[in-house]
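Below are two complexes that have chain A in common, paired first with chain B and then with chain C.
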Partner chain A sequence: MPHDHADHDHPHTLLPSDPALRVKALETILTQKGLIDPAALDEIIETYETKIGPRNGAHVVAKAWTDPAFKAALLKDATAVVSELGYYGRQGEHMIVVENTDEVHNIIVCTLCSCYPWPLLGIPPTWYKSDAYRARAVREPRKVLAEFGVTLLSDMSVRVWDSTAETRYLVLPQRPMGTDGMDEAALMDLITRDSMIGTGLASAP
Partner chain B sequence: MSRVHDMGGRFGDGAIVPEAEDDPVFHEDWHGRALAVTLAAGALGKWNIDISRHGRECLPPVDYASMSYYEKWMAGLAGLLVDAKVLTREELAQGCAIGSSDLTDKRMDANKVAGVLASGGPADRPSDVPVAYSVGDMVRTRKINGNRHVNGGHTRLPSYAVGAVGRIVMIHGTHILPDSSAHRLGDAAEPLYAVAFAASELWANPEHPKDEVVLDLWQSYLSAAT
Partner chain C sequence: MSAPEPVFEAPWHAQLFALTVHLNEVGRFAWPDWADRFSATLKRHGVDKDLSGGDDYFNAWLETLEAYLSETGAALPQDVAQMRDAWEQAYLSTTHGQPVSLG
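Right after this comes the complex of A and B.
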């Protein structure tokens, strides 16, 4: 049986130690080689700063709150439904939406790396990628929730989804009380990123 | 049998620091640059997502634990570029290109970015492996974790869920097996399931009797439990 990767003298040690200089060095070498287009890097950054983020997920959730047929279809085949809204893409190829109810509260984590539904939520926040969240969310989700200010009723169950494959999960938070007359656009403002990861609840109106 | 990235359930980490909803997507300019360089280099087609994950996981534990998130990405990328012979160690050391590349026609230009991000890279593939379990079936995960093809190789069964009995809750179809794909041994697609485990099956002191953890697990990680 072959042994994998000798761990001595890793190539990264050849680069400058300062991280910003390290990135710059890789960008410079790859650009000189004709392998990356610096304008493409600008485009990627701008896309995730301004176009692909949690507003996409909030749009999906608000539609689910206001349209029962949409919600039923979303829970059955999320990939097809979000694709119709233009939210298919990288790191969202196999979407599953899990619904919070009076009985079950769902939370998403990736203990092995940082898997996250990019087309619906964008690039994950720092805490989602932190060792503390990855280590603790599966073992003590209620303590983790408390650090986000969320307390659940004692008879509710918590279901933690560890994203170990290429399926990506999105939480459908519960619709807050007192929002009966609100339209999709107004509801979207109540739907936070954290409520779709499960570390938060939708905001009160 | 595990590597440093396999940290689910670990003790000793501190409190989590939530971020405001409107915090910047990238906290430093070089964070966005690191993400973008990684995606653009990936578009050259010299590795897949499993190879790139394994590259980060193979960082020496002392480096993995001390590096920030995007530092790990950069270190992983440096390794991938050298392993795939896209760049040489000498080029990394000198900080400039030495000689030309035969991959320049693969370069992702700015006008291709939107299309590449929108088309993604699905992981489902046809498979001859029959689906062995149904929703509701009880299964047990491997007692001994680890890649069966390559010693110390990539695998996606976290250590905390080794040897545990759970219930099939979803069948996701047939997906590329990372244990094979990460080592350029082929897609080896097989059935993938969501499996729910009672917290009491995983932890010495579960927080609540009703809590569960659900993992996506490939059929070869599982056997029938009665």
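Right after this comes the complex of A and C.
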């Protein structure tokens, strides 16, 4: 690691890594040419760090669990339904929601890069972007699921959905037992990020 | 309950992500074109080793963006290299704790 002064005083500011310097260089050049607005970059980072994340997806799932008409509309045309809630793709992608049932478990992946339903789940976790997950989720989904602690009955089928730049998926997990009478806000706390990727299940109350 | 994972592992990942999303939003390129190019870089980088999805993932991202901006003439490699070195000098000549700026 270049310039890692861990144990002694450093007279000058810690030098950023080579890629960090290259990113700064791009920003400076593009700003000087008037091609980008640096304030817009800060706003995008702020949005992804504080406003966009799995809570958005959990909101959609909890609504689907409590409102049958909403769920029917969501499964038919997710793009329109989630847009109405204010969750729409900055890249204009199409959203599809796939429902877990007693017979079918769904799991999402992007084998080519890391396409992911940003407006509903935020930035993907590192493992979602790893070669290991991207290759194995398709080849041996049951094994991958078992490593995440999800064991499926042998008569259940697994469907793997490969996301693209144009189409992103969200898993609608099954509503856990013992949650009758819980309201949307309480249900949201049971809905984990992984349950909407398909590498987890909704938590028990 | 465990602490939430940070959205971005390193500040430069966030800067690079935001820069790319912004360039898309102001119409410099279409997102599917970006995804095609990025996929190709990831594939090339992943031939000899398994990518972990962390720094190596964003290194591939940066390489893709640099190549694209070079092709379109928006940021030429020699200018980027020069600007990178200028920033490095600025960091090395700034006293710790002071804001860093280009001279």
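Just so we're on the same page, the second predicted complex is superposed on the first by the 184 of 205 C-alpha atoms of A that agree within 3 Å, B and C clash if a C-alpha of one lies under 4 Å from a C-alpha of the other, contacts with A are read in each partner's own complex, and residues count from 1 in each chain.
Throughout what follows, contacts are C-beta pairs under 8 Å (C-beta built on N, C-alpha and C of every residue); 3 or more make two chains touch, one makes a residue touch a chain.
Just so you know, these numbers come straight off a predicted model, no measurement behind them.
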* Name the contact category of A:94: first (chain B only), second (chain C only), both, or neither. => first
* To do: Could you tell me if A:166 is touching chain B, chain C, both of them or neither one (first, second, both, neither)?
  => both
* With the two complexes superposed on chain A, say which partner A:22 touches: chain B (first), chain C (second), both, or neither. => both
* Looking at the overlay, what does A:140 touch: chain B (first), chain C (second), both, or neither? -> first
* Asked: Now for A:148: first (chain B), second (chain C), both, or neither, which partner does it touch?
  -> first
* To do: Applying the touch criterion given at the start, work out whether A:199 contacts chain B, chain C, both or neither, answering first, second, both or neither.
  => first
* Tell me which partner A:85 touches in the superposition: chain B (first), chain C (second), both or neither. => neither
* Asked: Of chain B and chain C, which one touches more residues of chain A?
  -> B
* Asked: So which bits of chain A does chain B touch that chain C touches too?
  -> 10-12, 14-16, 19-20, 22-30, 33, 35-37, 40-42, 44-45, 48-49, 53, 90-93, 112-114, 122-123, 125-127, 129-133, 164-166
* In the complex, chain C residues that touch chain A -> 5, 7-12, 14-19, 21-26, 28, 31-32, 34-36, 38-39, 42-43, 46, 50-55, 57-59, 62, 65-66, 69, 74-75, 79-81, 83-84, 86-88, 91-98, 100, 102
* **Footprint of chain B on chain A - complex, ascending** => 1-5, 7, 10-12, 14-16, 19-20, 22-30, 32-37, 39-45, 47-49, 52-54, 88-94, 96, 109, 111-114, 119, 122-123, 125-127, 129-136, 138-144, 147-148, 155-167, 192-194, 199
* Across the complex, what residues on chain B touch chain A? -> 5-19, 21, 23-30, 32-37, 39-41, 44, 49, 53, 56, 58-60, 63, 65, 68-71, 74-79, 81-82, 86-87, 89, 91-93, 95-97, 100-101, 103-104, 106-110, 112-114, 116-124, 149-153, 156-158, 160, 170, 172, 175-176, 178, 183, 192, 194, 196, 202-203, 207-208, 210-218
* Structure fact -> Listed in rising order, the residues of chain A that touch chain C in the complex are 9-30, 33, 35-37, 40-42, 44-45, 48-49, 53, 90-93, 112-115, 122-123, 125-133, 164-166
